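Note that the chains take the letters A, B and C in the order they are written out, and that residue 1 is the start of every chain.
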Amino acid sequence: MSANLQLDSQGRLVHLLTTEGLPRSLILHILDTAAQFVSVNEREVKKVPLLRGKSIFNVFFENSTRTRTTFEIAAKRLSADVINLNIGSSSTAKGETLLDTVWNLQAMDADMFVVRHAEAGAPHLIARHVKPGVHVVNAGDGRHAHPTQGLLDMYTIRHYKQDFSRLVVAIVGDVLHSRVARSQIHALTTLGVPEVRVVGPKTLLPKDVERLGVRVFHDVAAGLRDCDVVITLRLQNERMSGPLLPSAGEFNKTYGLTPEKLALAKPDAIVMHPGPINRGVEIDSGVADGTHSVIMPQVTFGIAVRMAVMAILAGNDR
Amino acid sequence: MSANLQLDSQGRLVHLLTTEGLPRSLILHILDTAAQFVSVNEREVKKVPLLRGKSIFNVFFENSTRTRTTFEIAAKRLSADVINLNIGSSSTAKGETLLDTVWNLQAMDADMFVVRHAEAGAPHLIARHVKPGVHVVNAGDGRHAHPTQGLLDMYTIRHYKQDFSRLVVAIVGDVLHSRVARSQIHALTTLGVPEVRVVGPKTLLPKDVERLGVRVFHDVAAGLRDCDVVITLRLQNERMSGPLLPSAGEFNKTYGLTPEKLALAKPDAIVMHPGPINRGVEIDSGVADGTHSVIMPQVTFGIAVRMAVMAILAGNDR
Amino acid sequence: MSANLQLDSQGRLVHLLTTEGLPRSLILHILDTAAQFVSVNEREVKKVPLLRGKSIFNVFFENSTRTRTTFEIAAKRLSADVINLNIGSSSTAKGETLLDTVWNLQAMDADMFVVRHAEAGAPHLIARHVKPGVHVVNAGDGRHAHPTQGLLDMYTIRHYKQDFSRLVVAIVGDVLHSRVARSQIHALTTLGVPEVRVVGPKTLLPKDVERLGVRVFHDVAAGLRDCDVVITLRLQNERMSGPLLPSAGEFNKTYGLTPEKLALAKPDAIVMHPGPINRGVEIDSGVADGTHSVIMPQVTFGIAVRMAVMAILAGNDR
């Protein structure tokens, strides 16, 4: 259903809601387009006129300065007009429904909505109700999906490892609460990564996670052994509750990525993290700032991937 | 006085503070100019260079993401540089007076202030103290006026009904607390609408409202009968207090616009609302989303009207 | 150390962190460049393409709408893309460190950071850790420095008095808590002002302030006598505490600048204030709005000085 919603009858991308069901060719098209924008961002004048005269609304029902900033800078480098809306403090407080808010903005001749929402499925709901020619980009919905993060991670892996077809990728930590992990897993399996592992305590892995096509490891040493890519996840303290969950200190001891644990992976392994990192919790500073870390390049590629997604969506109007 | 303040000695618009006393020819000039911007907003590149290099400050002493957004997008489509200031959390908290704040911004070579303030008259006060060539647009002051809303409503009525001279227009609900209603009434009577009605309980109508040239109805059936235009007003829960006022539920029962009540109006009547709507309070979803509703076109025309006002003001410098 | 950090090996400005140690020739170069931007800001189209395609991040760890606005408008008039970040409410709340925040933004291909922080030295820390080609502008750090304010004050003094070499300048009030005063003193002494005075009660002057090359006056009449320039400082109520400090009322009586006290200065003395003013505390309205006051021109020149600093920094990449 999601897949159908984000593609038109000719299979072109009209919304980006999830990496689940996104065709391999489309993912690769996004990555190839992003490669061009990486070079734009290295220029002295980091600006192309592709979205000139377009109105892009960053509609954040859940606050995230960091993610909002990445979309804002991406849109501005495409020459779009960008409007930021923190809706938490706005009309919804006046009793306006989600769809009324969106319909109002759409009536202002919006071209694109970048939506973050605490409820899973909110961007899909919006996508089902906007007019043709208006595009929705999911910037994170509940525990469900964060597709631009998933895609920038694919860009990063391809940049360093070239070929997906022989990789072992381990995703370590709080998979249960992570929309990022879901978006990564769908993209990795679609791109043909033969072994995707999730590594963590039972209490932080979703039940039946194997159904997504991953191998489950509770033992971190086994999970990291001979990996090409180690993805650490943010320990979402603010989303965690309940007596069965480990404390930050306990988590670090067992699953936090230290240089010692990383030594179990392949010598040329790369270490990724969606940020912001909790130093000394899910990742030690020695790893985060070390030679295996590609956390900062992830951020750089993230701008280019978001530019690519927006440019492709806008281009598919014509 | 207000009329003089907003016109220069040649009768040209230099501030937009209220629709009261605004000459008919000027209102029509704004509507005609807005028509051109409606077509700009339907283009692929929704942008004209009219205000390039101008600095427009959205100075909101009362928070309103929604209204601020309409002015921001309008100004950006005119290619202006826009600065948003939520002053509630800023210098006034440091003890700076209203005029000191404005003088400071003026000294930054501001060209235009879009002002919202909880106190009636604040935009007038500012207009009286800015330099020649600096323009003030009232984006809502207390219960007093919201002229761009009034003007976009006139645009909408003209779009659907062409001729003002044979219309019956009913404004239903909380007229007492509504700056929108005041701005509508002044514009409607200036444009020659022969019958403007206000419909609501005594406790929600201003005393002596007849002096504005309207007919008063407490009976909703009589008030709606044979109307061409039904304007519902937001029930401003946040501004209401006191034991004489109806609850939202009571209000809905008596004055809320349902399909049944709407059937009393003319078969081709249009339904308007300044937004955001309270579904099930002043308007039922069956009406808000029904075929008579022009609430979304109001929003679309609102951007064009705000572009027109800003373009006319800036053009009157030369 | 600071001086070395803000200059490259060829003595060109790469960061602006403090006026302390800034060479006289560089200060004059900034003032001369600003003069050109003053005329840009008087044009109908207040815009030059110097920073087109550059990404400037206003990173405010301490809220200041006013100062942020001056940098935002300056950057927009240079055609830069500007991103505003109020970090207080963002990632630092999620446990991200200052440097992680900056490194993340840097990875988005930032060109310049404008930084305000409650801790003295934060902009220096950032400047030490950014990549070559990324520039840091201190927009106020703790009680330490506010160099663009200091420089715009120098611009203002030069505008009205032309020659620094024969001036008597008095800085009156809460020097202890004032980063502005520190930045002024360093700039004034570097520019060769023969007599810089600080005037205030012992409790509001730093110990050993004479070491900065100033004369200390506790008696306001003696301090103001025959001055060419009187700089009043904001009484930073929010930073003051302790039983030894005067109340606002007591302060006004003794040190508040009244027309009577100002009469002790030279007949053509100018009165300055960094804003926002506390009317009736450190300055009376009769002085603030009087013929000696150049407080509004300070604001106007401030935009031009900030444009000059940004343009010089960006130009020094090439």
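Criterion: a contact is a pair of C-beta atoms (placed from the backbone, for glycine too) under 8 Å apart; a residue touches a chain by one contact, two chains touch by 3 or more.
Every value quoted in this text rests on a predicted model; they were computed, and no experiment measured them.
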- Note on the structure: Field rot_deg for pair subunit A/subunit B, CA superposition, rounded to the nearest 5 degrees, holds 120
- Query: Copies subunit B, subunit C: same or different interface, half of numbers shared as the threshold?
  - Reply: different
- Note on the structure: CA centroids of subunit B and subunit C: separation to the nearest Å works out as 41
- Residues in subunit C with touches to at least two other chains are numbered none
- In the complex with subunit A, residue positions of subunit B that touch it: 41-47, 63, 65-66, 69-70, 72-73, 76-77, 238, 275-279, 296-300, 302-303
- Query: What part of subunit A is in contact with subunit B in the complex they form?
  - Reply: 52-55, 81, 83, 85-87, 89-91, 94-97, 100-101, 103-109, 317
